[in-house]
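Going by the order they are written in, the chains are A, B, C and D; count residues from 1 in each one.
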């Protein structure tokens, strides 16, 4: 999971600041590193570092990124090591001149592509897919960059939403299945691209539409032009964007994430009639689904768990002696709300199960009489190879245990997952064409 | 508003780490600076800096703070300039040996005390009340530190909750009215003091009781001892702690902050019958009251505003050209939830009115048909001199405008404040003895 | 050893930058911490930190120190711990208003003064003599600051050269014996004070004269005024300033440090006729004396040891395995110059002997046939209590060993110290009234 | 000008620390950026940043660079921009596995090579020659890395001394003319490579020999092997290494830099009989030649100029108002030594003339009666394309002005350059085969 931004401001000269705001709104998509590249029409300037957008960029830094075109990236390490060398965007000199590229998604054949390219002479300084894409672009025998990008994207296997920049133009492109999102926004005098529509709101841009699967947008001196290079119109957006990734105020493929999560909660309430006193969300990702559940079931909703908002990235771990004391760093229970109550705990998903087990234990220690875990998605049984870091099948609790065994490991009084059909209903038309490989094992792009 | 911590761990040697965790749980009480002082039995070690607890302290820093006793402080600048010189705790050498002190609250006669002390020979390196208290302690002619502290605290005018430390003991003391909170917790093998009970949970400590108004606790080699030096038993805790300051999972004077806020919301729903489609909280401080309102009124609750969790302290301000674009940094509306709806917006309080006006405008721009602002406290008409930075009466919108004028400035379709009686009802018995000067102008400690 | 600066620029407004340049020129007198305080006529601004002047201050920092009056300090820890709390100048509010003070020197009765002051109510936040002086000033019952300073300085025991600043005036004052140096310089439109005249050259100021022992200079709206508060005219400048502390381009008490060191070297050549091929200085402090020795003796001078100019303050120490490899961090020998030669090594002084032993071994390993150590000062046999950190008599090699034993420990083929009479001759008239306690044990201010 | 290090320690595991020490000794060859790559046998670890070696690396950083093989680099920007992206060594994945490379020198056909490579598909992330060399290696169709390196080095035009590293071996290679230096050292159990022999002393290694022009050394599991891939035995080391670059304690091609500079000074004294009172060096680069001049001429030598040792990299520039005051940042004159004297100022070279003019003025202001500038090298009339940043011919004062005009611009009473024959004599046999293009315009590698 990563986030990308693109900005084209013909009449103005502060692309860096607007790119910064866009990245800031996408911070939830990646907190490891961030970067911005801008162009003043001829010279490209770049800055990248490990850390949060608001930590890395200040007025002084932005002032050293002059220009009217910009792209940006926030990174959540999916492939490649955690190191500044892997921060994006990458900026290279090539036969097509200076090119910068920011990538959200994962190639499924990165390893073999890299090996082939090395065998035919390429060298790699990073461990990112992004460098592979740029290497292919550099080698593409095309009359111009746009055609080089198209010919490369036709060959890539996997998920990608890219913002690409040269000295005088901005390109946005999405993979033929549209697994990763990308939206187009409009300013009075310019255009912006962003992984999610919530960034348009922050940037003061008006939502225009999603970039379509297999579409390339080119924004340059001669305006905005659209090209289709692949795909068949059917969109296969990652359904997990609705479950967890996207910010609730985003609209993806015409669906409000907030309302989709409300619908998921309501669907859960219809699927499971649990006798309980209270619906409590796991903060923050379970909140909207829990609200939907409470509304549909009529069971009162309360914020029984308070999340500390100041958790830093490199938070000091308590020593074992302190763990034995029962210190609680991230989540604290609201005792008087929970004591003696039968609690329905709503979480967005259960991947490895360790966090859920901790949360259930926390509720019990605070006095909950019963804890029923209700999960706002189906069992997560297969790794994602298109942009999420869920390592291997062995680590997925639902892939290796029966429902009863998962419930026992987590320590809940009951465990209820959303049905796949329920998820389809909540997401609405087209949901059955979306990428749901993590729940079904049906990989739309074959894994190599 | 500030937060203080005290830790006494006779059998262990990592007071710094536990103090750190306590401060981390109190971070909402002050984000400007923080500091920790520890004792290994003879030597005291200190570290203070500007910034968040999780930014300032890491394993290396904590390792340089050895010892089994510790006090800590998070500061939200109330008096004194924003500078590291004013960070707390202060550590001094005095006739009573090494003494460190952390202070939450404000003295009302700080200026005259400082002038008198200077006239009689004292010098001051900071602009904090804390240095005044330590100067008085140094000059107190008493047989020991405890009696010096008592004699000084009898003379202080204002609000104070202090943690004080020497090489071998920890002291907690609260002003005779108990305006600022302080609680006592117990570990298997030790004691902790904290401004709020939520820190006890994070530190793995069991809640024992509030330190009482006019009480001094001394924790040392001969255990825990309690002394009363003033006050008449009646507690006058700041009622604004329930409205805004305290974390919802804290319990102050036996009342759950979360449940008090629910009751405030319910009381509001009883006081005002507004025809509306939706109750929306101003994040995060209005959330629990809004839930209470929705429960009582039956009007649906939704999170119509999403707060960006990554706002840094020194966030870059957008240029005017960007403000004109309508960029939204901290709050983003959830359009599909709000469009065409009559919305009740619940906020905890309205002080200057500027934030409320922005929020109302945001909801309107997102399509809300009506916006009714309901405030979870009475009109804020007088400055606080006991620890909150609300400058002067001129800046308080309700002190200088009629209800209708405030409503117009804020741009709401209606404006409803909680009645003082309603606040009393929601807070419960004793509320009418609490400090409510900001709502009534009745200052319990005369202002000098 | 520390350095102080004072700047008074009536018609200009950048005292910070000129103070910075002055401190930069005095960096050799202290590398631990540094600080600047300025006044814009009413408000005083301060910044202090651990580290070198050129590391701590940049354009941004200096811009936050507005004003036309400034004082500064570079600190080499003599008393007090290595901590930013002990960085100078100290800035306090007192009965005389805002006062900032920078101190070079040591009080001999600091401990008893501090204890007495604590007993009568004072508290101390630092472990510096500076805070003691300011505490005494605050308590002095005088009609104004100048008279308070005078009355305090009359009572102080020890060495001090102070720059003091208020909102509108600058004070320079030297102890009655003049143990630590302080000079006055003139700008077209203003005055400067500095520990050494080399700083005047860097600041573009013209040398006027030394501040005299027992003299206080007050520079304010009504110009420059001089007052004598003590002393009898006889100056007892620390003779070690000529041997080691001062920069060679400084002139102290009318004597050029460079020429004094040349004279010391020549005197050594007259005192000892050593048959040798080469005179080699220990860099950098032995260079000028070595030149003087070579000129007088006719023995060729060569730079047989090269010093690495990039040694940082917190240089990584090599592991023991590397020490065994014989790694050489600070000094490297010039093999072809040394091989087979009888070498006279000139060093400024021998305090503990460890550095000398290493240097002698380095020369031998590089092939020197003989190494004769000639020391440009008499045996260092007593600690300095007036501003130099030479701990205790036990650590002084010459205080505890015969000449032969020192020579053996150091591993030299011969060892020759400058005679006390020789030092007097080289320094010239008045040398016998100077402070030479480290060589003679005759302390001019009794140690308490 | 840059510096490179290589370390191979079969039995040990702290290559990073030894590489650090080697770089530290080469710091004079480049202060802009530095970097280290190490191998633990399979995994390579890298760290690079802007700044001095002792600032960038500390114990924590070195601990994250495990392994027994290491290469390092200090950079003085010659080609490429000042940015961390251009810091070396570069580490890439290629058909030959992981390869890291550090480069001292410049290719003369970098621009055309880069363009050709881009045209055939390569992309470039940096603006360094180093990336070009690695790109060529990646594309070389060879059975192994060593042969790929050889085939590439045969085609490179320009100067290069490289240290190259894989998971299990270290390679050192020098261009066929040997323009840039590289030496081999031996440890009890391992080998080191360094740009200059002074680093061997710091690393505790024994000097073995220079790597020869056109020689590749491969140090791996099967020991040290030497291969010749080009050149004809004649070495054409850059003669400016003796004049200025190298540290005086280094030995290059069997000649001591210190003794060569002494010989240069003596030769100057034979070439010019100037009537003067004093020989004064421009610190630090003119010191040894000045000593040689003084010894031969019999004119007394004195350090008439003192250099501030604490000049930081980003030193604050004085405002114009201060320049008008005559502030002196880097150099301060020793007035009493200079006053009324006829001074011979010895500097290593005159490139643009601005520094010399300032130094002459400084001496005059300090009272020198006459200033005769004697330059320890011939007129510098052509740019270097092999590794030194002397921009363009227009900026070289001697290329565009007569001797008399240069003298006048510099403001000296006389100006004397070393003759080319004199330089040959001082350097000794083979000097006439060395690269002296900057003095003669005879470029040994044609410029493209």
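Of note:
The definition used in the following text is that a contact is a pair of C-beta atoms (placed from the backbone, for glycine too) under 8 Å apart; a residue touches a chain by one contact, two chains touch by 3 or more.
Since this is a predicted model, take the numbers as computed values, not measurements.
Taking the CA centroid of subunit A as reference, the farthest chain centroid is that of C.
Chain centres here are Cα averages; for subunit B and subunit C they lie 49 Å apart. Averaging Cα coordinates per chain places subunit A and subunit B 36 Å apart.
A straight line joining the Cα centres of subunit A and subunit C is 60 Å long. Residue numbers of subunit A whose C-beta contacts span two or more other chains: none are found. The touch graph of the protein chains shown is a ring with every node of degree two. The set of touching chain pairs reads A-B, A-D, B-C, C-D, using the touch definition from the header.
For subunit D in complex with subunit A, the touching residues are 46, 85, 90-95, 99, 114, 118-119, 121-125, 127, 134-135, 137-139. On subunit A, the positions that touch subunit B within their shared complex are 12, 14, 17-18, 20-21, 24-25, 27-28, 31, 52-55, 57-59, 62, 187-188, 198, 201-205, 247-249, 251, 256, 258-259, 284, 287-288, 291, 295, 300-303, 306, 308-312, 314-316, 318-319, 321-322, 325-329, 332-337.
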